[in-house]
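Structures are listed in the sections that come next.
Paired with chain B in one complex and with chain C in the other, chain A is shared by the two complexes that follow.
Coming up: the complex of A and B.
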């Protein structure tokens, strides 16, 4: 889905998910590793503030991913 | 008995013309035309090409329904025992036409069908499961090998001979696995494969993974401050009550919802219906799957211009790759029309 959106719309699509090898296999170009399968963009165990901080960091990293020129599939680690 | 063979070819191999004649309408000629001569010869008196159906590649591609119906009618009238189509080599539209007519004739007339293509011909992906596609080189220079490859497979099918594995018989894998007893157990074979891999020797997997396409990365967003960003998820986040009945697994549809008035996803307005992960956290706070709350904060802070008002969502568990690709294409079209600059897609 990610790959086809990127191809058809011609825009960067950043995927946040946890199983990085699957994203690479299906052709995602900009990968941001998520927190966990059932809560990729948050960490409820860290309490409301910690959860939000995790989410903010992931989103800022996603913005960095979408503004970075790349030539091949790239994983944007913390 | 003499097998009744029908052969399908395009305008080029019929000697009618090239691209300028690609709109040639379906036509039936008696006996063989072009490569059909070699087909008949290879049958060595056991088969006769009773007719050749010819159609322009452009016509078949642009008027597929009409072309298919007309060609099927012609094929049917000849009461064939088998249909050969092509070889199409790496010609995309010819490959499509050969694959389509072979698959359709096989289904409608319940006869064996065989075509031949280069493995990268787009017709392969579309029809390899529905007909036999002998493997050829990428151009007509490979004709002298391509026709015998088709005829060999066709002959086996006509005589009801046992068909071996694709890689030994020279056709493209049809996605069929046959069970049989192996003299060695699966554990033995797996360890042997692993050892071969460690020694960097050749080994062949018994379970091939599907091959996915890769695309060159899109150009980055130039100015984040003026960018509109869309949110998309395959994590099953939907408006409470799942109004469009998106399936909890093996999704066949996606939903698009207006989130322009929503600041935050809460258990009152959104929920997860995904059948492939523990939804406890997502249902306490859907933002842990679709991060709308912080996106709104960052939007207010001016980090980027705006969140696209429409949010796209489906469930990505057991979902057919073809469906996921279709969702992506449809969503991509909409984002393109709306002038969206980038997207964040979350998956579970």
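Coming up: the complex of A and C.
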């Protein structure tokens, strides 16, 4: 889906996903590593405030990934 | 370390006033066994039923299958569950060979499965060939799912140990004694200096949310990879607690019989030097996957392994663990062969693993989990036939009004078991 949206609509896509090697295998261009498979976009173990901070950081990093020009598959680490 | 499995071949089941074996039949005191399980107040209903090969019976939804066993002298089994915490793998074990306790009850989670005792569905599961004592339970109202899973897991083990203990207390004679004997890796390597050293890496679902495996009654999820003597594996160290897809969950019965361990054992001292088994994790976190693969390699290297057999449990994200293991081992010069099933779509045309790596170049397939099969109605359903609509591999429309079902293979217990206990494979065309 990520590749098709980019190919057909020309919209840059950032994929937040936990198991990065799979994203690289399937050809995702912009990857933001997620937290864990049961909760990729947050960390409930850190309590409500910690969880919100994790979510916010992931989202801001994703925006940065979206606006960063790339020439190859790129992982945007923290 | 020497392990003797004293096997009584069970060829029939019947209810009686006492629990004992005679002439190959396991007689069971139904009331006493049910009362034993009903002691657990987490159950509102407990009922035993029997299902033997060839009968027109369907068991659904099945959680685990356990072989009745007990240590002959200590009268206990499964350390940490129904035996004191101590090392397994030596001494004498009584095995009710051919009998199995099957745990069943309203669905815990969506990844349980079914067993048909006859018809086309029967050929896909080893448990159509065992004499099954089915433990059906219903939990008390509002029992949380993880407590229900724990209760049912423990009940299955308890019942299996109880049957074997009752038989051990009465008169019995083994039909067969199977011996597993092997020294430590240092001794064996001195004995067979020229044989290639092979290690077995047994990947286990360790993902929480009812997807767990227990080693010496310890949850493997927060643990680290370790090394077991093969005798420990074959004598009750490993217990399944997982609700991963029915087709490729390693039930407790599978661990007790682990065919890869047994095959490597059979060749030990002949053409290979079998080093032992690494029970390892499949984490939900990438660092966890990397850590497990790195530590599996570290253990293998410390033992000087030349080759490794690596089996997966489940599919999807664990395919990455499989690839990482292949990559790390191969790059370190240790030859690997991987065993896994495939999730290749109902037509078999999709990419069959979620991940891929060039190092994964020796692969044994145990079948396509998405293959569609049709199974006829059975005269009797033990459990809840409607559960198929919630199981992986089933859907709302799977159960037809005449009682037949059209389902994915993955809803059949152990149909594509990745430690090799099934009859399916794939051919390269």
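FYI, the second predicted complex is superposed on the first by the 78 of 78 C-alpha atoms of A that agree within 3 Å, B and C clash if a C-alpha of one lies under 4 Å from a C-alpha of the other, contacts with A are read in each partner's own complex, and residues count from 1 in each chain.
Quick note on the criterion: contacts are C-beta pairs under 8 Å (C-beta built on N, C-alpha and C of every residue); 3 or more make two chains touch, one makes a residue touch a chain.
All figures in this text were calculated on a predicted structure; none of them were measured in a lab.
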Q: Considering only the touch criterion stated at the top, classify A:25 as touching first (chain B), second (chain C), both, or neither.
A: both
Q. Just chain B (first), just chain C (second), both, or neither: which does A:33 touch?
A. second
Q: Using the superposition described at the top, determine whether chain B or chain C touches more residues of chain A.
A: B
Q.
Just checking: does A:14 make contact with chain B only, chain C only, both, or neither of them? Give me first, second, both or neither.
A. first
Q) Thinking of the overlay built on chain A, is A:68 touched by chain B (first), by chain C (second), by both, or by neither? A) first
Q: List the residues of chain A that touch chain B in one complex and chain C in the other.
A: 18, 25, 35, 37-38
Q | Residues on chain C engaged by chain A in the complex (per definition of touch) | A | 207-209, 284-286, 289, 317, 319-320, 323-324, 354-357
Q: Please give the residue numbers of chain A that touch chain C in the complex, ascending.
A: 18-22, 25, 33, 35-38
(Q) Give the list of chain A residues in touch with chain B in this complex. (A) 1-18, 23, 25-27, 29-30, 34-35, 37-44, 51-52, 55-56, 58-60, 62-63, 66-74
Q) Can you name the residues of chain B that touch chain A in the complex? A) 209, 212-222, 224, 227, 229, 232, 234-235, 277-282, 284-285, 287-291, 293-295, 297-298, 303-304, 314, 316, 321, 324-329, 331-333, 335-336, 340-348
